[in-house]
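Okay, so chain A shows up in both of these, paired with chain B first and chain C after.
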Partner chain A sequence: MLQFFSQTIWLIPCYALIGAIFAIPWSPGLIRRTGPRPSGYINILMTFVALVHSIFALVEVRQTGTQFFSFNWLDAASLQINFEMIASPVTVGALILIAGLNFLAQIYAVGYLEMDWGWARFYSLMALFEAGMCALVLCNSLFFSYVILEILTLGTYLLIGFWFNQSLVVTGARDAFLTKRVGDLILLMGVVALLPLAKTWNFQELAIWANTVELDPRLATLLTLALIAGPLAKCAQFPLHLWLDEAMEGPMPATILRNTVVVSTGAWVLIRLEPVIALSSFTINTALWIGGVTAVGASLIAIAQIDIKRILSYSTSAFMGLIFITVGIGEPQIAFSLLLTYAVAMALIIMSLGGIILNNISQDVTQYGALWSRRPVSALCFLVGVGSLVALPPLGDFWGLAELSNTLNGPFLGILLLVNGAIAFSMARVWGLMFTGDPTPMTQRSPEGLWALVLPMTGLAGIALHLPLILSQLNLLPEFPLLTETPVLLLTASTLIGGSAGLVIYWNRNRKGAVTLGSQALQDFFAYDFYTAKLYKLTIVFAVDIISQIIYWIDRFIVDGVVNLVGLITVFSGQTIRYNTSGQTQFYVLSIILGIALLGITLCYPFFDQLNFVLN
Partner chain B sequence: MLTTLLLLPLIGALIVAVLPAGWTAGRIRQVTGSFALLSFLWSIYLLTQFDLSNGGFQFTEYLAWAEPIGLSYSLGVDGLSLPLLVLSALLTWIAVYTTGKNVERPRLYYALFLLVNSGVAGALMANNLLLFVLFYELELIPFYLLIGIWGGQKRGYASTKFLLYTAVSGLLVLAAFLGMTFLSESNTFDYNTITTEGLNLRTQLILLSFLLVGFGIKIPLVPLHTWMPDAYVEASPATAILLGGILAKLGTYGLVRFGLQLFSDTWNLVAPGLAVIGTVSVIYGALSAIAQKDIKRMVAYSSIGHMGYILVAAAAGTDLSVLGSVAQMISHGLILALLFFLVGIVEQKAGTRDLNVLNGLMNPIRGLPLTSALLIAAGMASAGIPGLVGFAAEFIVFQGSFATFPIPTLICIIASGLTAVYFVILLNRTCFGKLDNERAYYPTVNWGERTPALILAGIIFFLGLQPNWLVRWIQPTTDQLVAHLTPVQTEQVAVVSQPKAEGRGQMAEGRLNIPPLTGKSKKPGFSPN
Partner chain C sequence: MELQLEFFLLLAAALFCIGIYGLVTSRNAVRVLMSVELLLNAVNLNLMGFSNFLDPQEIKGQVFTIFVITVAAAEAAVGLAIILAIYRNRDTIDMEQFNLLKW
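Let's turn to the complex of A and B:
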C-alpha cells in the first residue's frame, strides 16, 4: 500500500489530459444548456486530484527512494524508444508545484474569464500544459523532453491565440510559436545527432557517457550548442526572448502558468542536460554569458516599460538568465531551489497585478495611482511577492540567491548584484506608480476582485510566506555562517539600494513627467527592447520572405516557363506545318525522298570513315 | 484474396455506371461508398492475416496470361505495398464522401473513383513488371477525366499538362523495364525472375536513371514538379485527395520497389545525388509554399516538400531510414488528404481560397469552428508536431538518414521549421483574426461533411501516439530490402566517439545505481530518505 501512489505516478499527467478531453463537449455549439462553465469545474477537479496524488507520492518517494518506470513507445528497426520516467523527491516536488500553481491559476481564471465564452478551450489548453509539464518533469529521456517541449510550443501558440480576434494576439501567437520552434528544431538536431554517439537518450546514461567519452572538440561544441538552443528559446533568453513579451497578449491566468513554470521547463531540461553540455567549455561559457547578458539587459528593459505585463515578462527573462548562470556554473541544486521559490513569487505578483488590470482596464502603469487605500489585499500580496522575488531575507528567493552569490565571483557576481538591484528597483517603481500618489481617472473606483481572484492570491501569499519553513523542512536552507559572507551581505544591500532608490524616485510622484535617465535615445533603446523586433523584421523575416518570393518566381517563370514554352513551340510548329499539306503529289514525293535520304545518312554515319578510305 | 481488391471496385464501377438515370447523386454516392468501404474492410482483413515474420510477398496469386510476351497475372503484397494498399482503399472511401451531393454526371464521376481505386490496387499488388506498367498507365485516364471534367477554371490546361507529364513518366518506366528484362535475358517480367546483378555498371546506371526520372515525375521531384500544383489546385478536393494521397505514392512506391530493391548494387552510387535532390525539393517546396496566397496551392507546394523527405530517406538506405520513408508515405497520404478535405470545405462554405480574404474562421457561431480546429491539427501534423503521425514518420526519417547523410538531414530539419512558417501563415490568416461582417454567416458544416475529417484526424492522432502500429507491417519487408543493399559511402563527419576503457564497465552496471538528479550537491538536499 505504501507504494501505491508512487507506483501509479504516471497517472498524474493523465488526470489533466482526461480533464482536457472531458472539456471538449462544452466547446461552443455542442452542449448549450449548461453554458461553458462545467468544463472549467471538471478541470479544476482533475488538477486537484493530481495535486493530492502527487503530495501522497512525495511522502512515499521520500521513504522508498527514487523509482524508475519505462513504457515502450516505438520499436522500429534498429531504434527502440522507451518512455522512461523517474520519480525522485525532486521530480515529485516539481509535480506538486506545477499542479498546485495550475490549481490556483484555474480558480483564478474562474474569476478572470467570468464572461468569456471560450472556457472549454481555455481549460483544455491549461490542462494540456499541466499534462505536458508533469510529463516533462517525470520523463527521464532527452527524446521525450524534446517531444514535450515541442507540444508545449504548440500549446503556447494556441493559448496565446486564445483571443484570436485581435491582431496583436495573432502576431504574438505566431512569433511565440516560430521562435520557440526554432529553438526546438535546433534541439531536435542535437537529439538526432546525439543518439549515434551516445547510444542512449536516458539522462543518467548520458551523464555517464559524457563523463567517459572523448569527443572531437568541434563536434562537442556544435552538439552542445544545439542542445542548449531549446532551453534558450523556452526560457526567453537573448536572442530568442521576444516571444515572451508578445505572449503577454494572452489571458492573465495563462500568464501565471507561463511566466512561472512554463518558462522553467527550459531550465529544467537544461539542468538535466548539464553533464552533456559540460563536454564543451565553449558552450558552458556561451550559456553563462547568454544568461548574464539576458539578465542584465532584460532587467534594464523592464525598468523602461510602462506596460505592466511587459515589466513582468522582462523580469521573467532576467530571472531565467540568472538560472542559466546557475546551471552554467554547475549548481543544479541551487537552480532547483530557485525555480521553486521564483515560481511562487512571480505567480503571486502576477495574480495581484492581474486583478487590478482586470477591473481597472488599463495595463499602463502611468495611468495608475493611489491603489494602496483602495486595494490593500492586492497591495500586501504584491509586497509579499516582490519580497520573495528579490533577495530580501528571510523570504523565498533570498536563500537560493544567497547561495548562488557565494559560489559566484568576478563579473558574474557583479551581474547578480546588478540584476537583483535592478529587479528590486523596477518592482519599487511599479509599487510607487501604482499604489502611491494621487488617484487618477483610471483608479477612482477600484474594488477588490471576486472571491475567485482573491482567494488563490491570498492563499499563495500564505504559501510564499511559509516557503522558508518548507525549505528548511526539506533541508534546502544553507548553513547559517554562510549568511554572513560578504557576497550575501552585498546581495542584501543591492536589494535595499535598488528598492529604496525606486521608492525615492517614484513614491508619491505627482503626475508625472517621465523620469529621464541619460539621453532620450538611450531610454528608447531600452524601452523598445534594444530594437530586437525591428532587427528581426529587417533580417530573418525579410530574408525568408524575399527568398520565398524569388523561388516562387523562378518556379513560375523559369521551371514552369520552360515547360510551357515547349508546349507552345509544339503547338505553334504544328500550326505552321499544316500549311504544307497542299494536296500536290510532287510535294509528297519530295518529302518522302528527303526523309529517306535523311534516314540513309543517319544509318550510314558510322561508315563515313571507311568512305574516306575508299575515296582515297 | 488479392483479386477481390481488384475486382470489387471494378465491378462497383460497372454497376455505378449503369445505375438508373432517375437516381439522385446522393444515392449513387451511397452505392459507391459501400463498394469503397467493402474494399477498405477487405484490405483491413488482409492486414490481420498478414504474416509479420515474413518480409517477402504474401497472398500470392499466379495465372499465366500472355506467356509469349512474358506478361502474367501475378499478384502479391509485402510490407511495402500492403500499408499503401490500405491507405488507398481508405482514401478512396474518404474521397467519395468528400464530394458534395449535387455533383454533375454522378454516375461517370463515381465510377471513375472506383476505377482509380482498382487501378492503384492493381499497380501496388502487381508482381509482374508489365502488369505494373499496365495499371500505372491505366490510372491516367480516370484522373485525366476527373481533372478535365470536374476541375476548376483552368482545368483544360491542368489536365493536359498532367496527362503529358505522367505519360512521359510511364514511357520512361516502361523503357527501363523492357531494358532490364531483355538485357538480363529473362523470359518473363515477373519480379522474382528479374535481376540486375549480371548487368554491367553503366547499363545499370542508365536503366536506373530512366526509372528515377520516370518515378521522379510522378512523385514529383523538383524540377519535374510543375504539373503538380496546377493539377492539385484545379482538381476538385476529392480528386486532389486521390492525386496527392494515392497517385503520388505510386511514384515513391516505384522508387523503392524498382529502384532500391532491383538495383541494390548501384543504389549507393546514385544515393548521394538523390539525397541532394530530395533536400532541394524539401527546401524548394517549403519556400514556394510560403509565397502562396491561395491555400490550396500552398498545400500543394507543401506536398513537394514532404515528398522530399521520402527521397532522402530512401536514398540513405539504412534499415531505419527506409522504414521511415515508407512510414512517411502513409503519414503524408493521411495528412494531405485531411488538408485537402478541409481546404475543400473552407472553399465550399466561405467561397474563396484567398488568404487575403479569409479571416476569423474560428468564430464559434458564425465561422467554421470545428473545421478550423481540424485544420490546426492537420497543419500541425504536417509541420511535424509530436503526438501526430507526421512527427513519428519524420523523426524515423531524420534519425535513419542522419547516419548516412548528416548534412542533408540537418537541412531537412531546418526545412521542417519553414513548414511551420507557412502553416502558421495559413492558420493565422484563415482561422484566427476577426471575421469579416460582410462575408460572415457561412453555411453550417453538417455531420456528414465532418465525419471523414474526424476519421482521418482520429487516425492521425492514434498513429502519432502509437507509432508501433504504423511501422508494424512495414518493418519486416524494409529490413529485408536493406539487408540486400550495398551500404552507401557515408560522408564521415568526425564521428569520433571512443568511450574510455574504464567507462565501459560503469556503463554496464546499469542505471539504477546512479543517484538521479543530485548533481554536484554539497549538502543532503532532497535525499531519498
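Let's turn to the complex of A and C:
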C-alpha cells in the first residue's frame, strides 16, 4: 500500500487528459441543449484527483526516496527510445504545484467565464496544459521533454486564440506559436546533436556524461547554445519576449497558468540541463547576460506599461531572467525553490487583478483609482502576492532571492538588486494607481467578485502566507546567519527603496495627470517595449518576407517558366512545322526524293572513295 | 573509245535527274506524268545497261525492262484517268490549284 501512489504516478497526467477528452462533448456544436458547464466541473474534479494523488505520492516519495520508471516507446534498429520518468521529492512537489495552481485557476475560471459559452474548449486546453506540464516534470528524458514542450506550444497557440474573432488575439496567438516554435526548433537541433555525443537523453546520465567528457570547446558552445534557445523562447527572454506581451490577449484564467507555470516549463528544462550547459563557459555567460538584460529591461518596461496584464507579463519575463541567472551560476536548487515561490506569488497577483478587470472592464491602470475601500480582499491578496514576489522577509521569494544574492557577485548582484527594486517599484505603482487616489468613472462601483473568484484567490493567499513554513518543513530555507550578510540586507533595502519610491510617487493626492519621465522619447522607448515589434518587422520578418517573395517569384517565373517553355516550344514548333504539309503533291515528291538522296548519301558515304573508277 | 557501262549509267542518271526536275517543277499535270515516264525510261536504261554488261547470258534485265514498260503503260493510263477525273471537277490541271489537303 505504501508504494501504491508513487508506483502509479504516471496516472497523474492521464487524469487531466481524461478530463480534456470528457470536456469536448460539451462543445456548443455537440451537446446543444444543456450549456457547457459540466465540462468545467469534470475537469475540476479530475484536477482535484490529480492533486490528491500527487500529495499522497509526495508523502510516499519522501519516505522511500526517488523512484525511476521507464517504458519502451520505440525500438528500431540501433535506436531505443524509452519514456523515462522520475518521481523525486522535487518532481512530485512540482506536480502538486501544477495541479494545485490548475485547480485554483479552474475554479477561478468558473467565475471568470460565467458569461462565456466556450467552456469545453477552454477546459480541454487547460487540462491539456496540466497534462503536458505534469508529464514534463515527471519526464526524465530530454527527448520527451522536447516532445511535451512542442505539444505545449501548440496548446499555447490554441489557448491564446480562444476568442479568435478578435484580430489582436489572432496575431498574438500567431506570434506566440512562431516565437516559441523557433526556440523549440533550435532546441531540437541541440537534442539531436546530443545523442551521438552522449548516447543518452536521460537527464541523470547526461549529467554524469557532462562531468567526465572532454568536448571540443567550439562544439560544446554550439551545442549548449542550441540547448538554451528553447528555454529562451519558452521563458520569454530577450530577444524572444514579445509573444508573452501579445499572449495577454488570452483569457485571464489561462494567463494565471501561463505566467506562472507554463513559462516555467522552459526554465524547468533549462535547470535540468544545467550540467550540460556548464560544459561551455561561453554559454554560461550568454545565459547570464540574457537573463540579466531581460530582467533589467523587462522590469523597466513593466514600469512604463499602462495595461495591467502587460505589467504582469513583463514582470514574468524579468523573473524568468533571474531564473536564467540562477542557472547560469550553477544553482539548480535555488532555481527550483524560486520557481515554486514565484509561481504562487504571481498567480496570486494575477488572480487579484483579474477579478478587478472582470468587474471594471478596463485594463488601463490609469483608468483606476480608490479600489482599496471597495475591494479590500483583492487588495490584500495583491499585497500578499507582491510581498511574496519581491524580496520582502519573511514572505516566499525572499528566501530564494536571499540565497541567490549571497552567491552572486559583481554586476549580477547589481542586476538582482535593480530588478528587485524595479519590480517593487512597478508593483507599488500598480497599487498607487489602482487602489489609492480618487475614484474614477470606471471604479465608481466596483463590487467584490463572486465566490468562485474570491475563494481560489484567498486560498492561494493562505498558501502564499504559509509558504515560508512549508519551505522550512521541506528544509529549503537557508541557514540563519546568511540573513545578516550584506547582499541580503541590500536586497531587502532595494525592495523597500523601490516600493516606497513607487508609493511616494503614485500614492500622492496632489499628483495631477500622468507621471512623466524627463524625456518623452525615453518614456516611449520603454512603453513600446524597446520597439520590439518594429524590430522584428524590420529584421527577421522583413528578411523572411522578402526572401519568400523572391523565392515565390523564382518559382512562379523561372522554375514554372522553364517547364512552360518546353510546352510552348512544342506548341510553337507544331504550329510552325505543319506548314511543311503544303498540300502541293510535288513538294511531297521533292521531300521524298531529298529523303532518299540523303539516305543514299549517308549509306554510301563509306564507299565514296571507291567511286574513283568513274573518273579514271 | 569503247562504250562502257558507266556511260549508260551516267546517261540514265542524267535522264532521271531531268525527270525529277520536271516532276517537281511542272505546273501541268500531264507534264508531271511525262516526267514520270522519263524516270521510268531512265530506269529502263539502267536495266538494259546492267543486263548487257553484267548479265549477257541470262539477260534478266531485259525481262525486267519489258515488265517496267508494261506497268508504265498501265500507270500512265491510270494517271491520265485520274487527271481527267480531277479536271472534270475543277476545270484545271494546274498542279498549284490542287493544294486542298494542306495543314
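Rule of thumb we're sticking to: the second predicted complex is superposed on the first by the 580 of 616 C-alpha atoms of A that agree within 3 Å, B and C clash if a C-alpha of one lies under 4 Å from a C-alpha of the other, contacts with A are read in each partner's own complex, and residues count from 1 in each chain.
We take it that contacts are C-beta pairs under 8 Å (C-beta built on N, C-alpha and C of every residue); 3 or more make two chains touch, one makes a residue touch a chain.
Please read all numbers here as calculations on a predicted model, not as lab measurements.
J.: Quick one: classify A:D545 as touching chain B (first), chain C (second), both or neither.
T.: first
J.: In the overlaid three-chain picture, which partner chain does A:V213 touch, first (chain B) or second (chain C), both, or neither?
T.: It touches chain B, and chain C stays clear.
J.: I'd like to know which partner A:W73 touches here: chain B for first, chain C for second, both or neither.
T.: first
J.: Tell me which partner A:V589 touches in the superposition: chain B (first), chain C (second), both or neither.
T.: In the superposition, A:V589 touches chain C alone.
J.: Is A:G459 contacted by the first partner chain B, the second partner chain C, both or neither?
T.: A:G459 contacts neither chain B nor chain C.
J.: On the superposed three-chain arrangement, identify whether chain B or chain C touches more chain A residues.
T.: Looking at chain A, the partner in contact with more of its residues is B.
J.: If we overlay the two complexes on their shared chain A, which of chain B and chain C does A:Y579 touch? Say first, second, both or neither.
T.: A:Y579 contacts chain C only, not chain B.
J.: So in the complex, the part of chain A that touches chain B is made up of which residues?
T.: 27-29, 61-66, 68, 72-79, 86, 88-91, 93, 117-118, 140, 146-148, 150-151, 153-154, 157-158, 161, 164-167, 169-171, 173-174, 177-178, 181-182, 185, 188-189, 192-193, 195-198, 202-205, 207-209, 211-216, 218-219, 271-272, 274, 330-333, 336, 474-476, 478, 544-545, 547-549, 551-552, 555, 559-560, 563, 567
J.: In their shared complex, at which residues does chain B touch chain A?
T.: Touch residues, chain B against chain A: 161, 164, 222-223, 225-226, 284, 287-292, 318-320, 323-324, 360, 362-365, 369-370, 376, 380, 385-387, 391-392, 396, 398-400, 402-403, 406, 409-410, 413-414, 416-418, 420-421, 424, 428, 431-435, 467-468, 471, 475, 478-479, 493-500, 502-504, 506-507, 511-512, 514-529.
J.: Show which residues of chain A lie in contact with chain C when the two form their complex.
T.: Residue list for chain A touching chain C: 578-579, 581-586, 589-590, 593, 613-614.
J.: Note which residues of chain C are touching chain A in the complex, please.
T.: 6, 10, 20, 23-26, 32, 95-96, 98-103
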